[in-house]
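Both complexes shown next keep chain A, but they swap its partner, so chain B is in the first and chain C is in the second.
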Partner chain A sequence: MSKKITIEPVTRVEGHGKVTIHLDENNNVDYTRLHIVEFRGFERFLQGRPYWEAPVLVQRLCGICPVSHHLAAAKALDVIVGAGTGDGLTPTGEKMRRLMHYGQIFQSHSLHFFHLASPDLLFGVDADPAIRNIIGVALQHKDLAVQGVMMRKFGQEIIRATAGKKIHGTGAIPGGINKHLSRAEKESFINGADPLNIDKMVEWSQEALVFFKDYYVKNKSFIDNFAAFPSSHMSLVRKDGAMDLYHGVLRAVDADGNKILDDVDYQDYENYIEEEVRPWTYMKFPYLKHLGAKQGWYRVGPLARLNTCDFIPTPLAQAELEEFRTLNNGKPNPHCLHYHYARLIEILHAAEVMRDLLHDPDLLEGERVVKGQKTHRGVGVIEAPRGTLFHHYEINDHDQVTLANLIVSTTNNNEPMNRSVNQVAHSWMDGHPEITEPMMNAVEIAIRAYDPCLSCATHALGQMPLEISLYDAKENLIDIKRT
Partner chain B sequence: MQILIYGYGNLGRQDDGLGILLSQKLEAWVKKEGFSGFTFENNYQLNIEDAAEIANKDLVIFADASEEEIDDFCLSVVDGKKELSFTTHAASPSYIVKLCNDLFDRQPLVLLVHIKGYEWAFREGLSEKAEKNLGNAFRYLQKLLANPEDAIKSREGLKPC
Partner chain C sequence: MKKAEQITFEIDGQTCYAWPGQSILDAARDNGIYIPSLCHVEGLKPAGSCRICNVKVNGRNITACTAPVSEGMIVENDTTKLNELRKTIIEVLFVSGNHFCPACEKSGNCELQALAYKYQMMAPRFPYEFPDKGVEARSPLLFHDRNRCILCKRCVRGIRKDGKAVFAYSGRGGENLHIEMDLELAAQLSDEEAQAAMDICPVGAIIKKEQGYQTPIGARKYDQVPIGSDLIKSEEQDF
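After this line comes the complex of A and B, so read on.
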């Protein structure tokens, strides 16, 4: 008799997901599925609304990466208002947006590493769940926990200064930006009292990397072998191959590093990317069209970005990239837990970019908006913290949105996340079909590496706790456990 | 006395915006009355940096929508001893208080206003019943905050959950 084990919701990842593990007659793992409840009603919600509302409305999709949606929508609308495809803005417009975006990357990655991932690293998969959380980190590694809080706060303040406010920011508008950075804000970010200044953020970013690399030396086997598998990788890169999280062309590489997509203008993304529907989940499975669904799936996010770019255009992060690349002899890095390593290199890169931008006079003055010949279709793509994010809009002659299509980062990572869960399930449960706390956490660690955003913005009090259900081959519930 | 009023939720999900709307109504009232010592924050959800935000306050009032079985609204004291849940989407008030205590060695008096909501669809605007509950909570807090020292000295008179 085969059995189905259900783990839901997955804790310490965004929102709410569910894992089912199906056992065969011999109590080995047959197959696994990661179910993500993706709410897609917002695409309908946008239809009929004036297009200029989109950058504000889309922030309501998600409470954790509203800035990414805000900027991706604004980039798409740049095209619609005739302001170019990402590189046609005024220097002030583009640099303010970049500061906003790198602030978002910085705060999001910091939150993920220090408060979601570090408990796994510090205490291990087998540790008592009572201490394997950030409170445990706070008690035993107070400095680390404080750094995480203050780095997150710094990034949030950057967002507030560039977007206008923490929630429902209005900073990015079609064709540009609606505010400059004030001199007081600039002064505060550069020379603010410790620790809330950019130099301290760069320093702490370097310290975080030292912490991880020290951990890696001591736990190399675990980090390298946990849910590792070869894959293709996709991201935006700058025209010259540099890492660029705000704008660029689409590039994908295969497991050997061969370019399987390169220099692609994302306005044409529909010619290159297809989404497969599978009957057991609402979340689609994107793939590169020319390779087909079986061969064309890919990873996105920090690990993918480090695998696709030729170099990182800031010196400290570039030095880290060079060291990172020696780990796999220059080939694309296939190690699931190296997402954390890559995320830390991106934190450092984001800090360096912010430091450079904060000294740029274009943030303080200059034209903010450009407009040109209006069109009826625009696509905006950005490298969100979790990976490549697509926003595609079409409008009618009355300026109303007639089509909105979004491919979010977590959707792009759907196939690799499923494969990671499968790997972990096999290694922990083959011959030992028991739901244990370490096994459950191992599954979560695999998913958590991708930092998925299982978006559901309602969060009122009274949420469901962790639930584990066991079904027989006929889908009869034979056991259920709640934490 | 330094007081933080912090509403959280999603205005785009109907009654999920109750906490933010309460905070905004109180901010307008405080401004009109000319009271000092108040800070107002709104966000989709609480998050880790809020531990630093509350560390230098004497009284913190979190406000959130609630699906619990309550009449219109109620208040609970948040002591950081239970409901220590955390995802990057949301941190519980207890989690924030516990983090503040552990990281910054501070524990202000923290109250959570639970306001009963009913509708959570992807659109703006409160349900009729939620609008009424918001009004009740607002009037109650007007009285409480007119003399906030009493809230610090004595927790009597709070409307418990």
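After this line comes the complex of A and C, so read on.
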């Protein structure tokens, strides 16, 4: 008998997803699908709008990491207004944007790890959902919860100071930035009362790593084996191979660490990346063109970035990277839950970068905007918290957008997220075709390692937003469960 | 202090003075009293088209920008009922156009948005019309988004090139009533004149090209204080 089991999240945030698990006649998992069932349409309704609106309009895609869309769009428009491809801005323009971006990485990663992921680690996959959430963390691990909340707040304050607002600001404009950092803002970020100063943020970032590594020692098997599988990895890296989350060239490595894409100018991304459409989901499946859809898929995000870069250009994070790399003997790390480990190393890196930038006088004064010969096409790529983010715009002679193409981080991770869900389904359900609460949470944990932006990857407070439907071989609904 | 030629009238119980022939709106502002307006711009002939400045005189609603003050006039302005009416007008203006503040570069400098905040508009009570009147992008300096236009005619009255109106009503008599930009005249506008066209528009319908979002959030006109806050009466003010 063949059954179809549907896990259908019904609420919340930037993506309504559902998971279907299809069983074979022996009650083992046959195949699984992570469906993204919503359609946003931003690429269409940008058409006809004046190009300079794009960074402000398109960031409305997301409330968690709007800065990434804001900056990726602005970078694409830098090319259009003749300001160069990421390194042509004035020192003030580029550094203010970098500060904005690393503030974004810091706050978004903090939200991702502390608010959304830590309950699973602290309470376990099969814990009562009523306590397995950030409120539960706050009640039982107050210090950790406070650190998470305040680290997020610090990152958001950095965004407010650079973009004008904590969410959906207007700071980045084609060719530069619309404000300087004020001396008062700088002073408060450097010497503000504890805990809201950058030194405390660096310290807490290190403590978070200590917490995770301690947890890892005690739960090595779970962390290493949960939904792990080898894959290729892709990200931007700086020209010299350093980690750079704001600008660089595209690099991809295979499961053994061989470079399968290197030193690629992302203006030419269409020559290297293609997207496959599958009929059951709105989300496409990107892959490296020269390897084809079957072999060319890759992971993006913190784990991928730690696997592709040669080094991290800040000392504390570099030391952590060296330790991290010993876990898999220098080969690309294939462990799904090590995304969180990598995320914490990036939090530390972001804190170090912010600390350096905050002492830079270019933030306080200097030319903010540069423009040159206008062109009709521009591509902006940035390493968003969840991974590589592509924005591609074309305009007509009247300054109207004629084409917008976005490949967002979640899309880049579509195939690996699907595979992770598949792994979880196999390990929990083969021979036991029963939907249990822990099994459902395990599916969430797999998705959440990559991305908290799907509704199914987000903890509702004390309530998991899942609906399970069970179908028999004839596609009749025989059971439905809501938790 | 009253000057010899001035006439005396009253707004919401407050004694005010006006020059003969002065509109209620202008006189109120001279007396430090805020009456909201959208279609009115100082120096242009009043149009009375938006109705947001309507006040009550002798039991009747009239537009303060067009009605002259008369001796002994009793004007009601800042009343619950009138403010509710004004809020309703704002809501109707919002649903009549595509006013998507989150991405509009006039946000923070927009008079319609500022009035919506002042009168605490929440979710509109009326259905959105989602008009499709198109955009005019062919001018070298100006981007004209007709779906954001509130038909106040400030641009029609205020923006001229060599004596000719750059903007004019078009499509009268139906749902497609809109303001048309004369491309030939618009192409002759100087940078300053194009900026003046953007500035005279109370909303984001007329946008000067390639300079969006240059003012950071926090420094825009209505970021810190509500619209009308500049009209604080000073006892020393010389009328």
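The criterion applied here is as follows: the second predicted complex is superposed on the first by the 461 of 483 C-alpha atoms of A that agree within 3 Å, B and C clash if a C-alpha of one lies under 4 Å from a C-alpha of the other, contacts with A are read in each partner's own complex, and residues count from 1 in each chain.
By definition in this document, a contact is a pair of C-beta atoms (placed from the backbone, for glycine too) under 8 Å apart; a residue touches a chain by one contact, two chains touch by 3 or more.
Source: prediction; values computed, not measured.
Asker: Could you look at A:V56 and tell me whether it touches chain B, chain C, both or neither (first, second, both, neither)?
Answerer: In the superposition, A:V56 touches chain C alone.
Asker: With the two structures laid over each other on chain A, which partner does A:D399 touch: chain B (first), chain C (second), both, or neither?
Answerer: Second partner only, chain C.
Asker: Taking the superposition as given, does A:G48 touch the first partner, chain B, the second, chain C, both, or neither?
Answerer: It touches chain C, and chain B stays clear.
Asker: Using the touch definition from the top, say if A:G169 reaches chain B (first), chain C (second), both or neither.
Answerer: Touch status of A:G169: second partner only.
Asker: In this superposition, which partner touches a larger number of chain A residues, chain B or chain C?
Answerer: Partner with more touched residues of chain A: B.
Asker: After lining up the shared chain so the two structures overlap, which partner does A:K179 touch, if you call chain B first and chain C second: first, second, both or neither?
Answerer: second
Asker: Same chain A residues contacting chain B and chain C, which ones?
Answerer: On chain A, the overlap between the chain B and chain C contacts is residues 57, 60, 168.
Asker: Could you pull out which chain B residues touch chain A in their complex?
Answerer: Chain B reaches chain A through residues 9-13, 15-16, 41-45, 47-49, 51-52, 64-68, 84-90, 95, 98-99, 102-103, 114, 117, 120, 122-123.
Asker: If you look only at chain A, which of its residues touch chain B in the complex?
Answerer: It is residues 11-15, 39, 41-42, 45, 57, 60, 63-64, 66, 108, 111-112, 115-116, 133-135, 138-139, 142, 145-146, 148-150, 152-153, 156, 166-168, 451, 456-463 of chain A that touch chain B.
Asker: Chain C touches which residues of chain A in the complex?
Answerer: My answer: residues 48, 50, 52-53, 55-57, 60, 81, 163-165, 168-171, 173-174, 178-179, 398-400.
Asker: Name, in rising order, each residue of chain C that touches chain A in their complex.
Answerer: Within the complex, chain C contacts chain A at residues 102-103, 105, 135, 137-138, 143, 207, 209-219.
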